[in-house]
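The two complexes that follow have subunit A in common; it is paired with subunit B in the first and with subunit C in the second.
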Partner chain A sequence: MTSFDIVFGSFLVSALRSATPLVFVLVGETLVQRTGSINLGVEGQMLVGAMAGYGAAALWGDPWLGLVAGAGAGMLLSSVHGLLTLAARANQFASGLAVWMLGFGLSAYYGAGLVGRKIEGFGTWRGAGLDDVPVLGPIVAGMTPTVLLALVVAPAVAWWFWRTRTGLVWRAVGESPEAARAAGLRPIRVRLQAILLGGLLSGLGGAALSVDHTRTWAEGMTAGRGLVAVGLVIVARWNPWWVLPTALLFGGAEALALRLQTADAGVSAHLLLTLPYITSLAVLTLTCLRDRGQAAPAGLRAVMDR
Partner chain B sequence: MHLQLRSMARRFGANLAVDGVDLDVAGGEVLALLGENGAGKSTLMKLLYGVHRPDAGQITIDGRATRIDSPRDAMASGIGMVFQQFSVIPALTVRENLALAHASTPWFTGRGARRATAGLAPLAAIAPEVPMDARVSSLSVGQMQLVELAKALQQDPRLLILDEPTAVLGDDEVRRLWSLIRGFATRGLAVVLITHKLADVTACADRVAVMRRGRVVATGAARDLDANDLLRTMVGERDLAAPSTAPLPADAPTRVWIRDLSARGPGNRIDGVDLRIARGEVLGIAGVSGHGQDVLADACAGVLSPDAGEVIVDGETLFAPRQREPRAGRVAYIPEQPIRNAVAPDLSLALNLHLDRLDTLPAIPDRRRLEADARALLTRFDVRPADPGMAAGRLSGGNLQKLVAARELRGAPALVVASHPTMGLDLAASAFLYHQLFALAQAGSAVLWISEDLDDLLRHAHRIAVLHRGRIAGVVPADQRHRQTIGAWMTGHADAEAA
Partner chain C sequence: MKLHRLVRPLLAAALALGAHAAHSQTIGYIYVGPEKDYGYNTSHDLGRQYVEKTVSGTKTLHVENIPETAEVSRVMERMIKSGASIVFATSYGYLDYAIELGKKYPKVAFMHAGGLKTGDNVGTYWANSDDAIYLAGMAAGSVTKSGKLGFIAAFPIPQVVRSINAFTLGAQAMNPKVTTTVVWTGGWLEPAKEAEATNSLVDAGIDVIGEQVDSPITIAQTAEKRGIFVVGKDVDVSKFAPKSVLTGASWNWGPTMVKVVNEIKAGTWKPSHIRGDLKDGTVVLDPFGPAVTEPVRKTILAKKADILADKFEVWSGPMMAQDGKELLPAGKAMPMDMLESMGFLVKGVIGTIK
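Entry: the complex of A and B
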């Protein structure tokens, strides 16, 4: 094994681990936008998921329970957005911002007692005999269960979305709710399902962040990842197949920033930490320049153009 | 199937769209529902299909009172509908569109719904040439409608409603549709055909019901009815003078020169279009839809920046690459789909009528003056209701078209670009719009008139240019003798010109 393999492998592992929370959130928000609505509340849902997940892991000592609790909390909060926009017909941008703030406040309040607490996190497969397998060995050995879960969830959702009947119904609703209704489908119900699934996935993403990736809880710890996900949906061209590479872009930039920081590159750490966001912004601009938003589902364009 | 509608009513705001309608339809017959724009035909049928809910009234199917709250309920009761605004989804393939609503679509459909085969039979029966795996957005309007029809048929309906199906079709497609409709009736289906074309009635209807202002004003067997009587029943006691264009003097000077214009729009393009339009001339643009008509219109009106060439009006270059003079007052534009391209649906009619000259209004516009201006225009162009404070989005399709015409055609523009200006308008409104358009020509404007209705073009235009794949296939004087040539150019058979 060459030293290049080791450097590259460990970089890929840290990129993957950085990207994992984002993969869940991005898959969820892609589905939400694909059905023709937009949920800016994902940031709040992530925070609530991170807090609830960390709390559950600390309370019961099982990180798996943490993930479940985080997903549940995220879904619960997204139901607020679902009810506001679909039942009460509230403006979805206003509702999304309200849910974000609500999630921020709730997680700060209930999470105050969690700051500084230690939890039992997931282990890796280091030392399980994988490290000696060439090339892939160290990469797989450095993964945690949430990374593997993300690597399974994204393609599974993509497959479901493009190849199954329910996926077809969801796509139809996003392209034209009127046409879907005329075809005897129920667009409101589909949108609600998408918002709830998006909430579940963003809560799971939040929990993956606090329980597995950072193993701490801090107020506002998602640091805008949820909002970045809303924008990265565009980079992923509203296509679940593109979620993994897109999330890896962000994760890779974050891993690189940390590397540069430890390597003492002579640049302010604060500036380095903006690297993932600048990368996302740059790629977003390039993507939009190329296809001028034409890849967006028509139902969503109608929302944005109005 | 025997359907009875009793005292159906529906109000939209202050407007009583359907006002106590009784109607009967029996299996095996084709009922033509005739009427002008805004007469309430479509609304009545949308009440039946569950798109809108009635304020009052009763629906009885085969003697049983039936409640229809959604299209889903309507389908369950054996009612199928083909909408005027298509309900097929452009971004999906034909196969996916058909699989979407079909009950036996498997859970795993495969890529592009390739494993869903059950719902394809109706389409294969009525139009085997439509490619199953093409995206709907790549189909022609006629093909889209056939997909729409197939989608309604796969539910195996006993009552089929068709909302102005012939409005967007070419001659051959219309004839095919007529024979399909007769075939449905022979198989025992009840068919309701919403239309304002008398040709549809004579070609395939058994019975006729005429609607005016929300009420059914006459019913009868189709063969007993006289065309002139029908017309009079439809429009009431208004005068229907046929519009005409004045002959063009041979030495009329060129007013507009579209010089080597190339431009790209979403989906299609034009390439080196070169046309001169004389003072007072009406130049018709014929062609199968999707061959660059919309791009030509947008580029000539300065909405789309051309890649090359220029539009010269009265010797001055108005539009060229990286050059766009304000068009207000000089170029009038009635675009396709005015609801999307020419009005701000949430603004009032008064503001919409001033949309092209907002920058000339005083800093604090006088609302009363705007509304007084608007009221005069609305009355002149017969926009109903003529309420300047109403939001434009609440007008019916035909009235929206009149609103845009009122704004664009009021001054003395040098160039008028009119893209399907009478689409969705009834006879009286079309005649009125043609009157306005041709009066402008007579006063000296150059008119570029894009239409798919070759009969109208031949009747009214001075010359006809044919657009094929973004290029001008040829230009001829508008004369019935050139019909064959035009048809050949439209389908890309340039060599038939000699024949």
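Entry: the complex of A and C
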């Protein structure tokens, strides 16, 4: 096996691992925004997901249960945003920020006892006989269950969103809730479903980070990834098909920033660490120039312009 | 007018309360991260608990997650208003705010962790973990098979640069050809990046990692998963990575803090730079892990004895910079200012601090 295989294969899987929590969150927030609302609380949902997931994995010793618990906690917290914005008609930005802070506080409070608890993570496929296969070997060796899950979830949701009747309903609600209502659909219900699904997926993303990727619970451990996801929805042009490449672009840039340092590239680390943001901004600028901001669902533009 | 009448007695009551609290000695602690981070902040909180337990009639307040901005001034002021007569500002970036506020509250004593400036009522405390990290580096240098070590660090500040250099020098004492590749994460608490940095280093053939981030926990567990070794810092995490942890340099702040508090109480305290080390027990070399063989342990402990007996000094020549230029000629000890403001990497370190 050449060093190219190792470098390329291990970089690819490193990018995948860095991107995985983002994939889940990004899929969820894309759906939320496609149905015409916005949830800034994803960061908080990720945090409760990471905390609850870690707690469940520590308590029951099963990382799968951790993922389930994380997803559940994220959904539960998103229901607060759903009720505030849809039932109480609260301002979406204010509600999102409140949910973010609530998630931060709750996860810090209930997570304090979890710091220093040890969990059993997922096993790896290292040494399963594939280690010496070119390119594929390092990829399989570095792969984890949540990476595979992310690789399945993103295209599955995209297919569902574009190819099924319910997907069509969700799109219709996002474009024009009035027209959707006139057509006998129920926009509020659809938006609530999207917010809850978004909560579930962001909680799952948080749990992937704590239970699988880092095997650590630490207060505020998402370090802004949730907010990054809200921004990346724009880079992904509100299209679930674009979620995977967008998350990979960001995760890849993050992995590259670390890997270039190990390769002694001689570039300032401060500059390298801004790489993910510079790359995302560059793509955003290019795509916005092309479609002049017309990619956003019309219903969402109404929220923004109001 | 009406409001004034209402506020005044309240203010008087608050002041009286404050005075009363000051009498029984209230101490405020401010942390830059979570108190339960299993790292730097936990080590300080253990010190706080030790003070509360050891010095009778002491009450402590503590606030976590305070950024190194004007926010910390507000928090310190709030603590002082609720009676704190001593404030421990435990993060590097708090120094200027503490000195500034010290002018406004001359009767309050401020203690800052690691600062290079003092004020009329602002002293600093720190412990030099370089000796312990050097010894831990010796363990790293003896265990590595590839001769390639890694170091994951948050920010290129002098205290971190010192650790990288001490780690490398210690390793080179066991194996002169050893190199240390540095990866910066750009944050004290970035578990996702720490895990991925560990993976990157392993993929690059590195088999022992040192670290200085908020908590060694993520790096140690990832290293254990990948089957390589780590050297810890701040808090002993060997129970999370029993095979991987070789040893580490942990803090023990309690006794230093108690000494300062007692001096302040007795009125004998003068602001100064208190510097503890391995010798006075503020820094502890963690127990060895199973990968460190008996002869290596003996060599390391012999070197430790030399340090304790002042027979060996980590920061003395001959010492070369990264580019091969001579930093110190043989036998010369490093001047204090060069040590405290360290802005260079020694020979054998791969990476940049710019």
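As a convention for this text, the second predicted complex is superposed on the first by the 277 of 306 C-alpha atoms of A that agree within 3 Å, B and C clash if a C-alpha of one lies under 4 Å from a C-alpha of the other, contacts with A are read in each partner's own complex, and residues count from 1 in each chain.
Simple rule for what comes next: a contact is a pair of C-beta atoms (placed from the backbone, for glycine too) under 8 Å apart; a residue touches a chain by one contact, two chains touch by 3 or more.
Model, not experiment: these values are computed from the prediction.
When the two complexes are overlaid on their common chain A, residue A:T216 makes contact with subunit C while staying clear of subunit B. In the superposition on chain A, contact is made by A:W162 with subunit B only, not with subunit C. Applying the stated contact rule after C-alpha superposition, one finds that A:V68 touches neither subunit B nor subunit C. Comparing subunit B with subunit C, the partner in contact with more residues of subunit A is C. Touch criterion met: A:R259 reaches subunit C, while subunit B stays clear of it.
Of the two partner chains placed around the shared chain by superposition, subunit B is the only one that A:L185 touches, whereas subunit C remains out of contact. With both structures placed on the common chain, the touch criterion links A:A108 to subunit C but leaves subunit B unconnected. Common to the subunit B-facing and subunit C-facing surfaces of subunit A is no residue whatsoever. Residues 51, 70-72, 75, 81, 83, 86-92, 96, 99-101, 105-111, 113, 116, 151, 266 of subunit B are the ones that touch subunit A when the two sit in their complex. Partner subunit A is touched in their complex by these residues of subunit C: 33-34, 36-38, 65, 150, 156, 181-187, 189-197, 199-201, 203-204, 206, 214-215, 217-218, 221-222, 225, 239-240, 350-352, 354.
Residues 6-7, 10, 14, 17-18, 21, 108, 112, 115-116, 118, 121, 124, 138, 142, 209-210, 213-216, 218-221, 223, 225, 254-255, 258-259, 261-264, 266-270, 273 of subunit A are the ones touching subunit C in the complex. By the touch criterion stated above, subunit A contacts subunit B in their complex at residues 162-169, 171-172, 175-176, 178-186, 294, 297-298.
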